[in-house]
Amino acid sequence: MAWEIVIVASVTWIGIDMPLQVVYGVHHEPFFALMRWLTAAILVVDLALLATGRFHESRSERYHKGWLLFDILPALPVGWLWGGQSWLTLRIFKVVRMSRILRRWYYRNAHRGTILRLLFFVYFLALLAHFLACAWALIRPPQGPVRALTHYLHSLYWTITTLTTVGYGDVTPDPNSPTQMIFTMVVMVTGVGLFGYAIGNVAQLLANIDRAQADYRDHLDRISAFLNYHRVPSSLQRRVFDYYNFLWDNRRGYDEPTVLAELPPALRIQVALALKREFVEKVPLFRGASPELVQELALELKPMVFTPGDHIFRAGEIGHHLYIISRGLVEVTSADGHTIYSTLSDGAFFGEIALLFSHERTATIRALEYTDLYSLDDQTFEKILARYSDFGNSVRTEAQRRMEQMKRGEHAL
Amino acid sequence: MAWEIVIVASVTWIGIDMPLQVVYGVHHEPFFALMRWLTAAILVVDLALLATGRFHESRSERYHKGWLLFDILPALPVGWLWGGQSWLTLRIFKVVRMSRILRRWYYRNAHRGTILRLLFFVYFLALLAHFLACAWALIRPPQGPVRALTHYLHSLYWTITTLTTVGYGDVTPDPNSPTQMIFTMVVMVTGVGLFGYAIGNVAQLLANIDRAQADYRDHLDRISAFLNYHRVPSSLQRRVFDYYNFLWDNRRGYDEPTVLAELPPALRIQVALALKREFVEKVPLFRGASPELVQELALELKPMVFTPGDHIFRAGEIGHHLYIISRGLVEVTSADGHTIYSTLSDGAFFGEIALLFSHERTATIRALEYTDLYSLDDQTFEKILARYSDFGNSVRTEAQRRMEQMKRGEHAL
Amino acid sequence: MAWEIVIVASVTWIGIDMPLQVVYGVHHEPFFALMRWLTAAILVVDLALLATGRFHESRSERYHKGWLLFDILPALPVGWLWGGQSWLTLRIFKVVRMSRILRRWYYRNAHRGTILRLLFFVYFLALLAHFLACAWALIRPPQGPVRALTHYLHSLYWTITTLTTVGYGDVTPDPNSPTQMIFTMVVMVTGVGLFGYAIGNVAQLLANIDRAQADYRDHLDRISAFLNYHRVPSSLQRRVFDYYNFLWDNRRGYDEPTVLAELPPALRIQVALALKREFVEKVPLFRGASPELVQELALELKPMVFTPGDHIFRAGEIGHHLYIISRGLVEVTSADGHTIYSTLSDGAFFGEIALLFSHERTATIRALEYTDLYSLDDQTFEKILARYSDFGNSVRTEAQRRMEQMKRGEHAL
Amino acid sequence: MAWEIVIVASVTWIGIDMPLQVVYGVHHEPFFALMRWLTAAILVVDLALLATGRFHESRSERYHKGWLLFDILPALPVGWLWGGQSWLTLRIFKVVRMSRILRRWYYRNAHRGTILRLLFFVYFLALLAHFLACAWALIRPPQGPVRALTHYLHSLYWTITTLTTVGYGDVTPDPNSPTQMIFTMVVMVTGVGLFGYAIGNVAQLLANIDRAQADYRDHLDRISAFLNYHRVPSSLQRRVFDYYNFLWDNRRGYDEPTVLAELPPALRIQVALALKREFVEKVPLFRGASPELVQELALELKPMVFTPGDHIFRAGEIGHHLYIISRGLVEVTSADGHTIYSTLSDGAFFGEIALLFSHERTATIRALEYTDLYSLDDQTFEKILARYSDFGNSVRTEAQRRMEQMKRGEHAL
């Protein structure tokens, strides 16, 4: 990886340096000379590393024979040895290797695709501006005695002015030079197109960054329009949007089930465990549970949300689920709602009595706050009871305790 | 909320004032001096309010310790006391608190996301232009003796000319000043990019405002293309589009069921009631109904639309639904359509005979106008009859009356 | 409708004329004077028409009382009578009525939404440019003695140059005139924004025009990429795309079922009839059929497509459908494919034997060309036989004839 | 096809040449004269070819009578014979035929729609610039004695400067020439609009080219955001993205089933065979299989992917599928996982014992690498066994051998 960065940096430098040499001749400043030697050395070392096979491209990508030429040519000691320009272009063939490296980076970081494409566009636009500025510097020699750096700066200034379509007009092609006229037209048409395309892409990439959130807000906008059209009171609207905000905070536009459904079994188990790790740690019932049981539960528990006042179930209904509270507060009451047996919060479970002993709910459960629950359906519950007797015993003990309390009329489930 | 607006206004003013001071020195005009004292006072008061905890950030957002520094530093009496510039920048740290306030506003108004983002972009672009204009004013001193305001105006003019890519060229960087050249290039590249991005965003936001309608019209465009391709007569096409227009007027691209399905139970009941309040009020059958019954009906009644000439059902068919008219006019006829028993309109119900006594429809019902109905399926109907005997009795009485009328051959259902 | 066009044209003319009067004073050329009298007369007549209720707004839209003021004010004989400018603006209030008319036009033509929005944007941009040009003409008086028309032309030229961001710089604001500087900035920021927004909208509208086709081609692009990736031979790919092209030609991206499913019953029958009119006319079986039968068939017949070589069914399979050929050619063969009983084309039906006498197909049917069929499932077929005995008899007669032919080993089904 | 290219090239040349002649008079350079004769000859030849019917338009498109005029007029020997300009425009009617040819090309290559539209836009923009340049050359005669080519170049330069909105301002319309002013405005408004529209289209087309990949990466971006929000460890995230990368490499965003489901039966079989050709060739079981069997299997085999560590099935489960390995490595173990019977790789099959003899799986199968499988459900398997006894026998023989080996406790299934 570190070596790959060195290669990309070297090739980028060659790309910056070469057009400058074409325009202004070989630089003899120490910095440029040093960089020339350094990049040359790097190309030779890279060839050696590739030849000895010490530096494998990657497991999946084999090194093709055809690539060898593009690694040997740039490493040849022609041109840079005696300062000539003619063979300098050989080194640019290393771009083949660079493109392989960039593709690999992009591939390895597919889930960071947006930011990588953004960086690539900035990189590409900078190089494009540099090349065009050098070309312009070549066909439009300095008017009067100016330093090379000033001349380059003026050329770059013209390029940027034209590419961004600002076009002040303080630097324009000489009408008597067809070369300059035609080059200007080419820069305007292709350059402006590329620049506009890149800007458009960057805008779209930036838009993508929070697309999940934007989609969600757009959805709320529409719901809001619908509710307003039907003159739903604004206090009720506020409660509706509070609910959506709560959902967004806890889900970020994704459901656990959606994400898990796409994964193959082995990964699904591990991602499910990772997602529910915090929850599992705070449920007393799972304290002594075996890893297999926790795995199975992580896969089978389905997330649900209730808002204040929602009935999770009512006494007398047929019960098919056991619930475990992830976060929130619920109230256990009698069927008429007058006797409050108990309140339950994070980590508590309820609904087991109907699954174990009767089929009817023996109490009514109502959410007092926004409550995140996980539910377990009765078939999975029975399968788990059959396989994990310890778990079954602790659930049964608790259920029995609660039923006796209810008989005694105490304030507990 | 009022205090939050004061804070945001203060920080905005600091953001406008500070770069001006950097360029033109401290202003001693009464207005600027007053504003300087005022904003300073506001920052101190805000720190006091936060310290005494009187001003809670919000229920869900706790005040982090790390934020304290960014609230103390701007309140320190350095710089503005003796008019020096060196410590002025301290005040800009208050931007941390402002960003928290803005985020909270955005969050609380998620369903007005579009308009808020639009305002934010305008705000951001105005500040950007101001900053760039001040920077340009700094590196390009006035040519000749002009007032500071005129100089600032010219700087802003250059900034706007460049950012919008109009680029008249009446003001251009001095080719002998590399600083001006480079600054111009930076403004062109980043500035133009940001401006283009903002314009693009604004365009998309404006497009979103009536996206529901645009989607709907696009759908009609396509249907129209299909019907034209198959040479469907234009009089029939007109009737098709009349239907779609009617739907749009009454639904605004949303169905009740779609909106309700997303909500949790407690909210669903209340939104359903709010949506059907007008309808419920005009149905005589619901006059004396208990709130529980109205709630249940609000949830279970499904909206339907029929166009003139549509048969809602025909005599002899097996009936599974009771219908209540929300708006419109229907005709009750015999199976052959020759005898018209009755017409029914807003608030009337029909179809109860098949549910109560027979399974076959005893009459044919045809819509005479665009008719909005709510339907109730037979299972829910029976459940409701069992629970609400008053309601059952009034339905049964009316049904009996109608059957007798039909037997007597009178004009009524 | 004709009168509505007159109103819109009048208000548009007022919108063009008024800013010109503000800049250049009242014109006394005969054309302008005539137009002034004419529009004034039209406004009075319209008020009269509205007052006498002769001109109803529309059935669904009632005339609000509040609108009256905006219809009376423009009709008042102030200003235009003695040529003064002060009260001229009263007439512009008629824009309220114009906006109602435009909204109604838009509403009535919802299925032509794209083209209407396009026209609106062109109209809006033209007016915007005119207003800005007049404002610029007002704050930048002519340099030297030029005719008013030339001055207006130069002002419009500046406006267009600026709005399109071309910005030659041959006309720029006077740096000593803050008014001109500020106005230029306002034009650049808001004008450029509006222009960019309008261009963006037009681009999107144009894109929408053939979106159905674009979506379809995009789909083919992807299929093509997939097939290429898996190295499917190009001759086979060609056949795949031939099939898609055929589908496009016959369906234009829409299925009959998709369109019909959205319509209410009465419209569905009529649209179905219109869509299948040509087909129904060429099927001999339907010649003497009653309108009710044709209606029922139009609703129940489902379209299908087979490509050359496809088996529609094979001898020995259990048959559940009757098929009628809309366009194409099929071959009737024995189970082993060696004996060709017959070929059938447009308007012929087959598959009735299995539905009438046996449950097994007695022959194999293979498409020889691209073949459009309509299929009828067995349940609907039986229902229709029961109700329409004439139809049943002709089907049965034909089936008997074919079975005998097959027994005699002749070349016919 | 070759002749069609000649026609398109000729008409394009006429389109380039004609406006030049209008501006600069008839060229007498040998090249232009030759081209004039050549295109004239081509038009005559094409008319002859069309008349003799030797060159059919296409099978589906008949030659309409109305088109004849547009083919005769351009072939008339007026104008070009004596070098006059008056009748030259006749030739441009050939554009009718060209548009038919272009439409046909576009239609035939619907699956390459993106690239064709791109080419069309480039072609259209080039011609537009040429026309506008010629018009500008006509209304703005050369200042001073310059060659026609230089004058044209300057006109084109102005056109491009204006269309791209760069607008240097070194060439601007003469303020005393209303024609030039108005023409400039028209170019700016319509030209800029068209250019912007074309650039926008090109950008969208380029974006479409890798839309499948972009969609996929966007999906990963969101999954990544979700996993980060829930603090899933990055090592686990890496494994998740490895899996998605593997899927992308093997599927390119498409499933076989998705593509196949859209095709009619005959094509479906052949595409399925083409997609699975490589796989079928490497499975020993299919070596001697009849083409019919291979066809049936190609349709019925469903692709699946397992990641390292995934259990394909466990001993004791009820088995409903036979699996064939396309690529990868699996391990056959006893129920407790301690005894490894065997490993299987590309081309091997497993799971047949449960389908043939018992219903319970007799061993556990676990993937050791990323493994591509094809599965066959039990009903299809039985149908195939019944019809293809050879295939059944080889499966049965292998199953028996494996069961005996397992009994003997050897290391093999």
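Going by the order they are written in, the chains are A, B, C and D; count residues from 1 in each one.
Just so we're on the same page, a contact is a pair of C-beta atoms (placed from the backbone, for glycine too) under 8 Å apart; a residue touches a chain by one contact, two chains touch by 3 or more.
Source: prediction; values computed, not measured.
Visitor: Tell me whether chain C and chain D, two copies of the same sequence, contact each other through the same residue numbers or different ones, using over half shared as the line for same.
Guide: Comparing the two copies, chain C and chain D contact each other through largely different residue numbers, since under half are shared.
Visitor: Tell me the angle, as a multiple of 5 degrees, of the rotation that maps chain B onto chain C over the C-alpha atoms.
Guide: Nearest-5 rotation angle for the superposition: 90 degrees.
Visitor: What's the distance between the Cα centroids of chain A and chain B, rounded to whole Å?
Guide: 28
Visitor: Nearest whole angstrom, what separates the Cα centre of chain B from the Cα centre of chain D?
Guide: 39
Visitor: Where does chain B touch two or more other chains at once, residue-wise?
Guide: 165-169, 200
Visitor: Taking the touch rule as given, give the residues of chain B at its contact with chain C in the complex, in rising order.
Guide: Checking each residue of chain B against chain C gives 150, 153-154, 156-157, 160-161, 164-170, 199-200, 202-203, 206-207, 214, 216-218, 220-227, 229-230, 232-233, 236-237, 239-241, 243-245, 248, 305-311.
Visitor: Quick check on the complex: what are the chain D residues that touch chain C?
Guide: 107-108, 110-114, 162, 165-169, 172-173, 175, 178, 181-182, 184-185, 188-189, 192-193, 196-197, 200-201, 204, 208, 211-212, 252-254, 259, 263-267, 270-271, 274-275
Visitor: Sort out for me which residues of chain D touch chain B in the complex.
Guide: These residues of chain D touch chain B: 165, 167-169.
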